Amino acid sequence: MNLAGIFPALTTPYHEDGSVALDHFKSNLARYNQTGVTGCVVLGSTGESVLLSSAEAESLLVAAKEAAAPGKLLIAGTGAESTAETITKTKRAAALGYEIALVKTPYYYKPAYRSEVYLRHYRSIADASPIPILLYSVPIFTGVTLETPEIVALAQHPNIIGIKDSSGVIQRIVEVGAQAPKEFQILTGSAGVLHPAFTSGAKGAILALASALPEKCVELHDLWKHGQNAEAQALPQRLALASKTIVSEGSIAGVKYAMDLRGFHGGQPRLPLLPLTEDKQQRIAQIVSHFKPAAVRA
Amino acid sequence: MNLAGIFPALTTPYHEDGSVALDHFKSNLARYNQTGVTGCVVLGSTGESVLLSSAEAESLLVAAKEAAAPGKLLIAGTGAESTAETITKTKRAAALGYEIALVKTPYYYKPAYRSEVYLRHYRSIADASPIPILLYSVPIFTGVTLETPEIVALAQHPNIIGIKDSSGVIQRIVEVGAQAPKEFQILTGSAGVLHPAFTSGAKGAILALASALPEKCVELHDLWKHGQNAEAQALPQRLALASKTIVSEGSIAGVKYAMDLRGFHGGQPRLPLLPLTEDKQQRIAQIVSHFKPAAVRA
Amino acid sequence: MNLAGIFPALTTPYHEDGSVALDHFKSNLARYNQTGVTGCVVLGSTGESVLLSSAEAESLLVAAKEAAAPGKLLIAGTGAESTAETITKTKRAAALGYEIALVKTPYYYKPAYRSEVYLRHYRSIADASPIPILLYSVPIFTGVTLETPEIVALAQHPNIIGIKDSSGVIQRIVEVGAQAPKEFQILTGSAGVLHPAFTSGAKGAILALASALPEKCVELHDLWKHGQNAEAQALPQRLALASKTIVSEGSIAGVKYAMDLRGFHGGQPRLPLLPLTEDKQQRIAQIVSHFKPAAVRA
Amino acid sequence: MNLAGIFPALTTPYHEDGSVALDHFKSNLARYNQTGVTGCVVLGSTGESVLLSSAEAESLLVAAKEAAAPGKLLIAGTGAESTAETITKTKRAAALGYEIALVKTPYYYKPAYRSEVYLRHYRSIADASPIPILLYSVPIFTGVTLETPEIVALAQHPNIIGIKDSSGVIQRIVEVGAQAPKEFQILTGSAGVLHPAFTSGAKGAILALASALPEKCVELHDLWKHGQNAEAQALPQRLALASKTIVSEGSIAGVKYAMDLRGFHGGQPRLPLLPLTEDKQQRIAQIVSHFKPAAVRA
């Protein structure tokens, strides 16, 4: 299974009354279908997965499966704190037709989570899962990091096909690339280092930024793939600055606002996440205006 | 409502097949009933709340309510990442007869969680809750800290009656004591600083250690209450060292093992939490042997 | 040697041309002589020791020795990154008549500084020093912390008589008190936890705040010593808040400004330390105005 | 002044009696003269500069000037905590014929060091210095980081020509490259991300690893310069792993041991830095054995 290329981390739109807006969600997917993205991730951190009920999560999995074009690869976020619950969720995603499960690290009892915990957790899940597993390390939210030796050890498992590493630490990509089996696939989760991630061995990326700027992220991947390094210098810089303002400073509310500006259904995040301040709205609007307008809303 | 004294943070025992052992849970409670603890906390971090299903959580709330002696104050852990879900859980606890809700901070989207997020989150919950709210700051697990200005601001709300601060930072107790209304009650969550917490203004404590050593924690509170500071020096030191080995180094598996040694129903934690290594078992056994044996299992 | 009580960490005043103002320095000391402080620390962090030339440092050691009243204990800061240089400085302080050396941890090569480094460093110095050694852990500046096992191990050395711990972590005071020899003396460096430090086993304190408010810090120590815990509650709170504004937020410029307000020779710090902003000046002035005016400048 | 290419961060060899071995130091330089390195850095962190007396530091500056080949660029580390002392040292380096000064951030009073402190510190030095200034951010040792906005602001100064950033954070290279004047030169200090640093806009590197493996680091720079990205993938991985074992885990003792193995004069570091454990020696020997032997000692 080839994960090369760009995957938007899908956001979750809501109706005015706070309920999940499956129609808007599908409408966004219809637009991603028309871009060069490799696929989409449902129920990632950007999707506010920790703010959704089980029923809402299930409805999004079903809706994405209905709306995604045949050629697009669908990845389901299925990580939970409990090993058993993660297995249950992963099996459910597989039953719904998902091809890969993205499993974030457990993190709550971090003082008790030594290497052995991560190894046993992931191996139990990979053993039980009918579909391949992508490790997911996102220290900015979880406060825990999968380190090189753990990743390299887990990469030996036949049902663990890669990792989404959102740390932005390029050195880890180099180290894992040097030590893991050749077929192990590294995806970065950080648009701030998209181009260096590629030049260091990452095959693809799962990005919140790609929810708002999918075609630009794909363009960067294409430039790199065709070896146009000289021309690639400007676009990585623009996307890194865009990512800093939209994703790092704006968080999910920022991604959704940028989506609104580009004709997607963004909207507000769910509480306790707050709407963007006006100041941040203006800075994001300025950044987005530098990119060619996307097609009108489907 | 007077929260002075000691509250064990209840653990969750499991049967061999991994299901929640409500009988053992009630049996533990029956023993706490016979001690001088002020009450108990159900579904706290020590209770592995993030590893339980909704149905399991509900069953524990019901069981505790059935098993607790009339005079004992029952506090329900009701914090969730979403503001709305926290309100739902808090109302449910109230409907089940709980007198106080312990609400931990949201924490997943920490880069987006500025002061205003915590203020709005807690005020929304306190406004909606039929029972008083205890703030809960537990940075070792969540990676976020309620700081003095936030606590002092929230202490103004008539339905927020106190805080459980598990940071172990005594300076914050002093600062909050100096600036919050007199009736705002500070509980420490750290047995390592139990005595200095009391001398600095804390009224009580919610402790994992009190699940294994309830009468010793109560003894320390009594010594302090009666001003026996000279005699109190030895016991705080012993409890601090016990807490370091059992709780900080052993984590939940350590607490449960110490419970087993003292005639409670401890047992194993749920995966991904691993059983104690033999080395840690021995160190905990040595620590526990220094305390007078507790009564035999009910 | 009894270190009970309060030690101001002396600041370094400068003349308009930037040179060290030994006259003002001695004048400050003359005032401390008239208070109940146990002694003074020369060349601590508060004294801007890392911004002084060797010649300036030597001149301050000499001046303090001349100006201190006979009964006051003088402690010299002699820590350097190199073990050999620390020994040289410690011997020089002894030759100048200093009774104790305060030796901060080395810290620059912190990724290489494991426990064994600290043990060998301090033991080499204590072996070579003609005067007793006080360990000094100040993580806020150095980024490294002496942990309980290291302190307890070093406390066995006959020429290491105690520690100044500026971490503000009360749990470490409890732990060290439980495990170190009875004669090992713990001094806190944090006025924010002055009272809980005393109730947990600290014998004294070396404080930047005591440079501006020596008699208030002494008063708190006296209240505690005489067991007046009830009355002691208000003063610890006031000093903790004063420390936060003057020392934590104002840093050395804040301490010096508070000294100016109370009739000492404070003045400006040396670059790169900047003068206080006007906003911070006002907040410090407000805090200081709540304390009874000190005697006029000598 | 063109800083493209590789600069070894020179180590300081000692004689058996602990004195600085200028003869060995010059002998090492003679060997670097025969490689493709662009120049050398004297008195950097790797040179144990914080463990040297003023006289020793001066002797090394003089010796390097004598031993370096005419075409090699010499950079002097001149950063001190005090602004005034940094200016004095920088002027002295210029007087000795150094062409550039590498000025690390001040760091001791980090709670007081806000952006304005760094801006005023560096501008004062750059105004006063007869030679161009390189900023130097090395958070692993100092605990402080020059952030993008500060670097971009300082890059406007005509006498600040670049930065050595040892953080290993590639995103900052991308951001600074996007926002600083084109002529501002970024050097990385982290061999673990050497190749991605180059592909992201860094022109060169100042490396401890280049003290032991100068020709390999130069080879990687050449590969990148000539666009041989495909072939460049293996060497970056090997150097990243070598850097982790030799520099990150071995620290200065590790670098010196690798130098010994490759025919340079490495030797032991000065206390409190300890010699390598045998275990680490073996791991470094294994790594070094994978690289073609260097020429015999001059």
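Before moving on, here are some points about what is shown:
Going by the order they are written in, the chains are A, B, C and D; count residues from 1 in each one.
By definition in this document, a contact is a pair of C-beta atoms (placed from the backbone, for glycine too) under 8 Å apart; a residue touches a chain by one contact, two chains touch by 3 or more.
Since this is a predicted model, take the numbers as computed values, not measurements.
Shared contact partners of chain C and chain D, listed by label: none present. Two copies of one sequence, chain B and chain C, touch each other mainly through matching residues, since over half of the numbers at the interface are common to both. Taking the mean of C-alpha positions as each chain's centre, the chain lying farthest from the centre of chain B is D.
The distance from the centre of chain A to the centre of chain D, each centre being the mean of the chain's C-alpha atoms, comes to 37 Å. In this assembly, the C-alpha centroid of chain A lies 50 Å from the C-alpha centroid of chain C.
Not a single residue position of chain B touches two or more of the other chains.
By the touch criterion given at the top, residues 168-171, 174-175, 177-179, 190, 192-193, 195-197, 199-201, 227, 229, 233, 236-238, 240-241, 244 of chain B touch chain C in their complex. Remark: chain D residues 18, 45, 50-53, 81-85, 106, 108-113, 116-118, 120-121, 124, 140-143, 248, 251-253, 270-274 touch chain C in the complex.
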